[in-house]
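Consider the two complexes below, in which subunit A is the common component and subunit B and subunit C are the respective partners.
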Partner chain A sequence: MEYLLKRMPSAVATVLVASFLSFCLLYFAPGDAAYIIITQKLDEPDYEAIEHFILKNRLDLPVLEGYILWLSMVFLHFDFGNSLRTGEEVLQEFLVRFPATLTLALSALLFAVFLGITLGMLSALKSGTFWDSIARAVTSAGISIPEFWLGMLLILLFSLKLGILPSFGYGSVEHLIMPTLVLGFHLSSRIARVTRESMLDVMEKNYILAARARGYTERRVIFIHAFRNALIPVATLAGMDLGHLLGGAVIVESIFAWPGVGKFMVDSLFARDFPVVSGFIMIFTFFFVSINLLVDLLYMRINPKIRVTWHARE
Partner chain B sequence: MRGNKIALAIVSAIILFALFPDVFSPYDPNQINLDRALETPSLKHLFGTDNFGRDILSRVIHGARVSFFAGVTIAGISFALGTLLGLIAGYYGGPADELVMRVVDILLAMPGIIIALIIIGILGPSMPNLVVALASVGWVKYARLVRGSTLEIKEEEFVESARALGCTDFYILYRHILPNVISPAIALATLDIGSAILHIAGMSFLGLGAQPPTPEWGIMLRESIAFMETAPHLMIFPGLMIFVTVYSFNALGDSLGSRWRHYGTLGD
Partner chain C sequence: MTRVFLLVLLLAGMLVFAGCMDSGSKSAREAVPEQQVEQVLVVGGADDFLESEEIKANVFEMLVRVDEKGEVVPFLAESWNVSEDGTVYTFHLRRNVSFHDGTPWDAEAAKWFWMWKKNTGTGGFVRYIKDAEVLDRYTVRFYLTEPYPSLLRDLASQFKAEVISPTSVEPAWSYSGERRKLIGTGPFMVEEYKKEQVAVLVRYDRYWGEKPKLDRIIYRYIPDENTRVMALKNGEVDIIGATEHHASIPFERIPELRADPEIVVDQHSYGRIQVVEFNCQKGVFRDRRMRKAVNLAINREALVEKLFKGNGIPATTITSPDFPFASGLRGKGYAYDVDAAKRLLREAGWVDTDGDGIREKNGEELAVRYLVPIGEANANPVAVYLQSELKKIGMRVEIVTMERGAAYEAKKRGEYDLFLHHSGNIPWAPAGLLLAKYHSSSPDWPYAYHSPELDELIEKAIASGDSEDFNRVYLKLQEEHVCIPLYDIVKTVAYNKKVRGYVHAPTMYEANFRTVYIEE
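Then we have the complex of A and B:
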């Protein structure tokens, strides 16, 4: 609790600065939102309509005033404004698309943790053998392969040649398989590397020697004594990456036409739809900061040593 | 290790392609020849031709130039900026450290791709802007790494004795601290070239990086989507090229990294 209170100010500051930056930068960006949007709607620039649009959406305010107005609406009414393109509330636009992104992120994370820990353990326990080389080759490939290319290869194989999976869309388990594989493969490779390093590290510790000396079975030594301790860095990585999966799935979402938040944000960026971009960034940053805090707290639960160091520093 | 020699050979080949693309490519990469459009690989066109009849092998070789120089520039700027800020933050501490680390915290609080997207959205999609966008997120890793090792090294006795001898801060940073913190940063930069090349291709694929008709791997893949079913060779070769290039840079970076880590433990 004390820890949480200490961390709160810097977390709040991060959210504020991130939102301010995104708000200002978009405000000063070349290309006028009103002009672009009205011209797109009417197929030609109509200056009266543009004027009306600017006044209606309060785009005439100086940047600081605009920001403060926006921020106060966010905090007092939880109102992020309306999208300039669709006219819908930004929060609504986010909530409509978020389940798709969350589903994909969680299933990719689950797949990545499962595959990553399996490969990492295999690599660590059979260190130096043929299996280790295979596992390491797979993880190196996972880190180096471009996600969009892997996605295209899978579509080519499973949708176009074999015809067993839908190439794009959303709604069923079949739709989820390929995006999950693509998004999860890269992460699983990183998890596998961390698991391997961490496991090799732990296996050299004295308490493993002690456990062996007590005559516990190898299985028990590995899974009860070593594995649980080796998991700590893996948990941090997975926790932090959940945040990145939520925001960073832009490429995968666009290949498989997955109706998530990432794709919508990129489109809004091009249309200079400030309320959507600023609002989404604000919500994202809030998520990341909260997830990081949660991971830290979780960390203190599973590792008493960190708890002690924290108190000692007080 | 045999694997590392292969990686080194591939990286050397990529560098040669990047420096002298015209020597290696059999055709002009932008030569349109609609009579020979969408030909499958043959002796005349080893990787086949695309929808405009352009030779894919030539385009892939010229693509190495775009990706390699952009990747090196991104890693280079990130490396230089991050190392400098890391040194300053670690050595001086206090407000300088606070400032740098707060910026680092904020940049780390969001996924890099989102920040890069914002910058591209503001500056407009082009290759130089993509380089700026990726470098402005990329320096953070170096700053953290270098700051950490600087904090350790500055407590060493040789730094204290240098200070007692009246050396200036600049001299101490340059002659005593920098050489001790730079090796892992160089290994990271090698790994970073690989990931920068991956990001460039990904952003160009989304239409946010290099623009057609530049022979760039990401764009080639983007353009190949329409022909995926009828002419899959359009997507196989550029993708394979990205994969092999990034794989080799990563393998090289890893072996540099573990070599220096090894020396590090010997010194303890």
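Then we have the complex of A and C:
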């Protein structure tokens, strides 16, 4: 608890800085929200309408004033403003899409952690053998195959050839399978690599030698003594990945028509819809920071020594 | 402490997970047709339902509409007359029309619509709205603050003037009400709408016109173009390409769809032309001879044949001569004549002195910057093709691809010699393109072709609204070589062969499902 309180100020600062940066970047980026949005709405530019739009949405304010106005609305009224493009509340736009993103993020992460750790352990324990080569080939493929291509291949196989999965959509477990595979496969490869390195590293340690010398079974040495210690970098990576996943998965969302936050965010970026972009970034940063905190707490569970070190520093 | 926390988090995650799964699957099941006799069309679209004017055209209608020639014809109004001074429009409304919730379409509803637009609308005619008056149940009079000759064309635009029910705003009938419901007068009404997922439309049985044959249209949002093609091949959707006005089926996948015996590919020209704009104010293309040389150097037949396997129609005029306002362009198209192009370049002083295949003048190489905004149809193959064609006449083309917003800013600053774009060709707005691009007051295209003479012609055409006057403008533009027309981006619709009776709508902004039926 104490630890959490200590970490709070820096977490809040991170969220603020991120939202300010995103606000400024969008403000200074070439392109003009009013022009892009009005032209999109009418399919031709209309300058009086653009002028009106600018005044109505206070787009004429200098960047700092605009940011402070926006920020004060966020903190005083918990109001992220309305999307310039859709006219709806930013928070609403987020909440409508977030369940889809959360579902996909958790399922992809679960799949990735399971597959990644399995492959990584296999690779580490059978280091240098045929199994190691297989596992490493799979992980290389996972890292290098682009998501859109893998997605298309899966659709070809499962939808067109086998006819067992719908090629797109949202709503049932069948719809979730292919997006999970595509997104999870990529992540699992990174997790596998880290697991492998970390396991190999730990297995060299003296305490493993000591454990073996005590005559523990190999299974006990690996799963109790080595695995637990090897898990720390894996947990960090998985935590970071979850943070990324909660920010949406643009390509996978597009391919499988998955109604998450990612594609909406990118479309908003193209339209310079800054209330959406800044609001979403603020929420994403909040998730990221929270997850990081949780991962740190998780370390203490995995390895109580960290807790001790922290208290000692006090 | 941490353990409890983690457990709670895990449980919460699982609950949310289970929650979405459950609610989702129910509605997905409902959407599946239950009886064989029910006529259901499943549409795959690139945009969310609310952002696709094309699919919404089945739900909402306008006071008037335009036919394929761009002429204004009756729709929810049967006839109209305009006062001498052009500020009073009297509309005689169609009778026996009702909105989907039963609200009658009459002069009161029309007056409400006009006044609601005045308070909440944007663009076009809205700023000229003064007042409205109900003359009798089916006659309404609209007053303008000053004459606005484009009013009828604006009222024919889905973008600007789709008619909604006064009961669809909150509070109902308020002139400044906020739009909350999707209630129109069209042949289909919205039964269910899930943002960025699906919209289910059902036939409106009290529709005033010919009753559609379909019972239901299920509109599914599929943003990825390749997934749409696969979903069609897999039978998960019945039709694609209908609900976007841009080329939404990648041209390179059309041959594969044509080869599939289960699929019909149906193409139609709306005179929307892909063009490359010249920078006529800065750089080498200030010289008309240079622009003409480039127009002569491009083999449009080969472009369409080689790059698109014959999909698309070569375009040699800056807008389609099929429009009455540009009919004078017929027979005035640009020819393909490389020798003539080379002669023009030589005349302009550009000669290859060092034998590297690229011409020089005063020690400077003939190199131009071609700016391509991301998202234009077929942008990449076209860019490479242009580059290779222009190299043949000794011009080096540097291709610069940019995100759209950034590209448009660069365009405003004149940081281009060539810029990939498309002709507007909005049938209800022959003036739109002229004012937005070629009039010297255009804020977006300060580096396009401008001249006082052209300004005068454009102003005259807009004031009179006369086709003859518009023709003069388009002829002038054609003679000045203001852009490079490349090809007509034909609208390509692909559907399962069980879909029958599909007819292309008069404008590219409408997906016409009124006549469609399913025959297994």
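Rule of thumb we're sticking to: the second predicted complex is superposed on the first by the 284 of 314 C-alpha atoms of A that agree within 3 Å, B and C clash if a C-alpha of one lies under 4 Å from a C-alpha of the other, contacts with A are read in each partner's own complex, and residues count from 1 in each chain.
We take it that a residue touches a chain if its C-beta (ideal position, glycine included) is under 8 Å from a C-beta of that chain, and two chains touch if they have at least 3 such contacts.
Since the structure is predicted, the reported quantities are computational estimates derived from the model, not experimental observations.
After superposition on subunit A, the partners subunit B and subunit C are seen to clash.
Using the contact criterion defined above for the overlaid structures, shared-chain residue A:264 touches subunit C, although it does not reach subunit B. Contacts of A:294 after superposition: subunit C is touched, whereas subunit B is not reached.
In the superposition on chain A, no contact is made by A:225 with either subunit B or subunit C. By the touch criterion defined above, A:160 lies against subunit B and subunit C together after alignment on the C-alpha atoms of chain A. In the superposed model, A:171 makes contact with subunit C only, not with subunit B. The partner that reaches more residues of subunit A, of the two candidates subunit B and subunit C, is C.
Applying the stated contact rule after C-alpha superposition, one finds that A:281 touches subunit B and leaves subunit C untouched. In the superposed model, A:190 lies in contact with neither subunit B nor subunit C. Of the two partner chains placed around the shared chain by superposition, subunit C is the only one that A:47 touches, whereas subunit B remains out of contact. Touched by subunit B in one complex and by subunit C in the other are residues 29-31, 148, 152, 155-156, 160, 254, 270, 272 of subunit A.
Here subunit A touches subunit B in the complex through residues 10, 13-15, 17-18, 22, 25-26, 28-31, 140-141, 143-149, 152-153, 155-156, 160, 243-244, 247-248, 250-251, 254, 265-266, 269-270, 272, 277, 281, 284-285, 288-289, 292, going by the rule given at the top. Subunit B meets subunit A in the complex at residues 102, 105-106, 109-114, 117-124, 194, 198, 201-202, 205-206, 208, 218, 221, 224-225, 228-229, 232, 235, 239, 242-243, 246-247, 250-251.
Taken together, the subunit A residues at the contact with subunit C in this complex read 1, 29-32, 35-36, 38, 41-49, 52-53, 96-97, 99-100, 102-103, 106-107, 148, 152, 155-156, 159-160, 163, 166-173, 175-176, 253-257, 259, 263-264, 270-272, 294, 297-298, 300-301.
Subunit C contributes residues 1-3, 5-6, 9, 13, 16-17, 19-21, 24-25, 27-28, 122-124, 126-127, 157, 159-160, 194-197, 220-224, 226-227, 230-231, 233-234, 236, 245, 403-406, 408-410, 424, 426, 429, 432-433, 436, 443-444, 509 to its touches with subunit A in the complex.
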